[in-house]
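Below is the structure I would like to discuss, written out as structure tokens.
Read from first to last, the chains carry the letters A, B, C, D, E and F; within each, the first residue is number 1.
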Amino acid sequence: MGKETITILETNLDDLNPIFFENLFARLFKEGALDVTLTPVLMKKQRPGYKLTVVAKKNLDKIIKLIFAETTTFGIRIRKEERVVLERKMGEVKTKYGKIRCKIGIDQGEIMSISPEYEDCKKIAEKLKIPLKVVYEEVKAKAKDFNAK
Amino acid sequence: MGKETITILETNLDDLNPIFFENLFARLFKEGALDVTLTPVLMKKQRPGYKLTVVAKKNLDKIIKLIFAETTTFGIRIRKEERVVLERKMGEVKTKYGKIRCKIGIDQGEIMSISPEYEDCKKIAEKLKIPLKVVYEEVKAKAKDFNAK
Amino acid sequence: MGKETITILETNLDDLNPIFFENLFARLFKEGALDVTLTPVLMKKQRPGYKLTVVAKKNLDKIIKLIFAETTTFGIRIRKEERVVLERKMGEVKTKYGKIRCKIGIDQGEIMSISPEYEDCKKIAEKLKIPLKVVYEEVKAKAKDFNAK
Amino acid sequence: MGKETITILETNLDDLNPIFFENLFARLFKEGALDVTLTPVLMKKQRPGYKLTVVAKKNLDKIIKLIFAETTTFGIRIRKEERVVLERKMGEVKTKYGKIRCKIGIDQGEIMSISPEYEDCKKIAEKLKIPLKVVYEEVKAKAKDFNAK
Amino acid sequence: MGKETITILETNLDDLNPIFFENLFARLFKEGALDVTLTPVLMKKQRPGYKLTVVAKKNLDKIIKLIFAETTTFGIRIRKEERVVLERKMGEVKTKYGKIRCKIGIDQGEIMSISPEYEDCKKIAEKLKIPLKVVYEEVKAKAKDFNAK
Amino acid sequence: MGKETITILETNLDDLNPIFFENLFARLFKEGALDVTLTPVLMKKQRPGYKLTVVAKKNLDKIIKLIFAETTTFGIRIRKEERVVLERKMGEVKTKYGKIRCKIGIDQGEIMSISPEYEDCKKIAEKLKIPLKVVYEEVKAKAKDFNAK
């Protein structure tokens, strides 16, 4: 497991048209945000709204500028946190539908998590007209052996 | 228990500034809505939004007009439902802080629910500078005897 | 697929201590409720609360009595709906951890869904001190073959 | 306002990997679903899950098949509702950024709602590197005059 | 943009009657809280509950006392964060409905956000019996020119 | 009021079967977690998911290992916070249903909170076949006197 310092930016939004969030998310990731989440909350005067949370390591000034430009907020909260991360490797799993890429999370040589590439699975499901869950289960089943290696 | 027929109006909103909801709620109740609720949901294209639910018995046309006027929706869903209701009486409970009104729900002569008037309790809590929960508990404790009568 | 008529009971709760829900759920299922759900909503005066939804086929009067007794509501909404259901069978899947029961959903002879028994998987995970997700994936992998039969 | 009969399909999901929802939504719309929403709920045994709601007018059998195939559910609830809809027209609004399409909602000749095409606004915001909210406000400002015509 | 240090207070509540939140919010703001939010969460034993978040710069001891007095919690979490804020000015926008106050957010001389005073807009909407969204759009449209100055 | 330093661990999960949470919660508490919460959020690509929050004072390495083993995450965020806590005492309240244990929260000799033991109340409600809310109200009423001592 590696360790790194990250920055969390948060702001509460009670008067932003929620249709803007898709674009906001896309622009934040383009500026290098590592993660973006939205939480439905109840705010001042019991107004419904959303808390926006952005995790970033760099480009903080640009990200702050972007949030002020694209939303209606007047203030953004900032804190530092540590993050422990698994070592990441890309792997390929042989399935009866062909090879599918997986993101593999490793801790001290041990595989902790195998995450099939969503887009790969989706493409196969669409091409073969089978349920996406069937493709996922095939990958997970074959990845188990991979796991055991 | 009484029985009555009510109408449920529902619409999903993904592009309405959430600051408008307070006013919308107030206007809907003024038109005779019996209940209004807002549920955070995920909509088309996985957009965050709110489902608005209005319960009404009369003025349906006015309520529909109002929703179209005050929101951004293009369609409102409508269904009929039954509703069973307790018989309602207003009562007064003697507490050490004075008399406090309660809404009492009765089924076949039996008291099922006693609901202290929120505004009464709040006024006393403010005047005496005591926690609201303390006032509530006093009312509930005394209402229990009332209950037993 | 079978078809059946069910009844949906709904009520909004803005002044119920949420610690009561666990007990309410348990009692509702004991009375024969088929499903119970709770949705966080925003209610009248923009108060936070919960919508309780109960799906039932029988014992409606008892269930209504129970909701009035265990909650603070003064009214319960009722509607009828149809429900299409898969044919259900219990099966057993042989895994490297032993046999695990599965609930199998079938439509016109075709297996649509295989759902490992949660408690079986949990017991094995606890006994062998392995992650629950590993047990689940083993069952799903072996059930796939079962699926193919 | 027009009136039409629609069908609402609902199911609760407590054991579906949420990464499958994006694909499920896309497939449902491809089959002709009019609206799809997801609500975070608390289910049986107080498990966190999602309620899936699909609004449709046709292809009900295909949609039901699809939900059973792509999710883990064993039952889908069905009800009929009415829906009142505004008359829809597409219009174009001249803005300082060029023409932008709008969806216009009309009731008895009166414009009730003007909804800028999200994708049009987004393209302009990207091209001109200006905030999306600025483009939206320009469209809304100009649409107001259009409104007054 | 200015920078300031703020304190975040958080506590999870699984056994508080949610009707108390309105009063709690009001008292917290009276004690000088800068922001208060409520998030629906799932807690210990998978109980539904709410996370209360309070942002404050001063009166921390009083705010902590208040939370203990008005809620059922046994512990409150505290952390420090930075907050970047836009420079705030109050302005007036001339609209066809008269002058309406706006809160203006400025960064290095550039206007980033213009927020119409909710109460002003609401009063006009009520007086003229027009939708609140129409008043807001008029203000935003006129504020745009103000913006360009 | 006492003060202590605690650690907050957080991770966002968009591809974990939500049926695993009950087991995850149980294992986290067994490792010494002080509190565990789950918040429904909208994540990257607007995917629905859950934020897991764990509060702990010790066994951090084991808890981190456990989260990686039982979930699908590749990274866990960590921060330190202070926590102010009431002094806790266990007490017994005499009610007409017998003695019921209560958790009492005290600040400088003053009782701030009295929390009836949920399991005690539930057992009595079950044995006497009375609503749980009635038992709770009895305890709260009698605890008030206890409070005044």
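We take it that contacts are C-beta pairs under 8 Å (C-beta built on N, C-alpha and C of every residue); 3 or more make two chains touch, one makes a residue touch a chain.
Predicted, not measured: the structure shown is a model, and the values here were computed from it.
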item: Touching chain B and also chain D, the following chains; value: A, C, E, F
item: Copy-to-copy rotation for chain A and chain D - C-alpha atoms, rounded to a multiple of 5°; value: 180
item: Identified repeat of the B-E interface (over half of residue pairs identical), from A-C, A-D or B-D; value: A-D
item: Euclidean distance of C-alpha centroids - chain C vs chain D, Å; value: 28
item: Chain C and chain F: spacing of chain centres that average the CA atoms, whole Å; value: 24
item: Rounded Å distance, chain C centre to chain E centre (Cα mean); value: 38
item: For chain D, residues contacting two or more additional chains; value: 15-17, 19, 21-22, 38-40, 42, 45-49, 69, 71-72, 79
item: Arrangement of touching chains [line / ring / star / complete / other]; value: complete
item: Sites on chain B touched by chain C in the complex; value: 1, 6, 8, 21-22, 25, 29, 35-40, 55, 79-86, 88, 103, 105, 107, 112-113, 115
item: Residues of chain F touching chain D in the complex; value: 14-19, 21-22, 38, 40, 45, 47-50
item: Of chain D, residues touching chain E in the complex; value: 42, 45-48, 137-138, 140-141, 144
item: In the complex, chain A residues that touch chain E; value: 12, 15, 39-46, 49, 51, 64-65, 68-69, 71-79
item: Complex interface listing, chain F residues touching chain C; value: 16-17, 19-20, 23-24, 69-72, 118, 122, 125, 131-133, 136
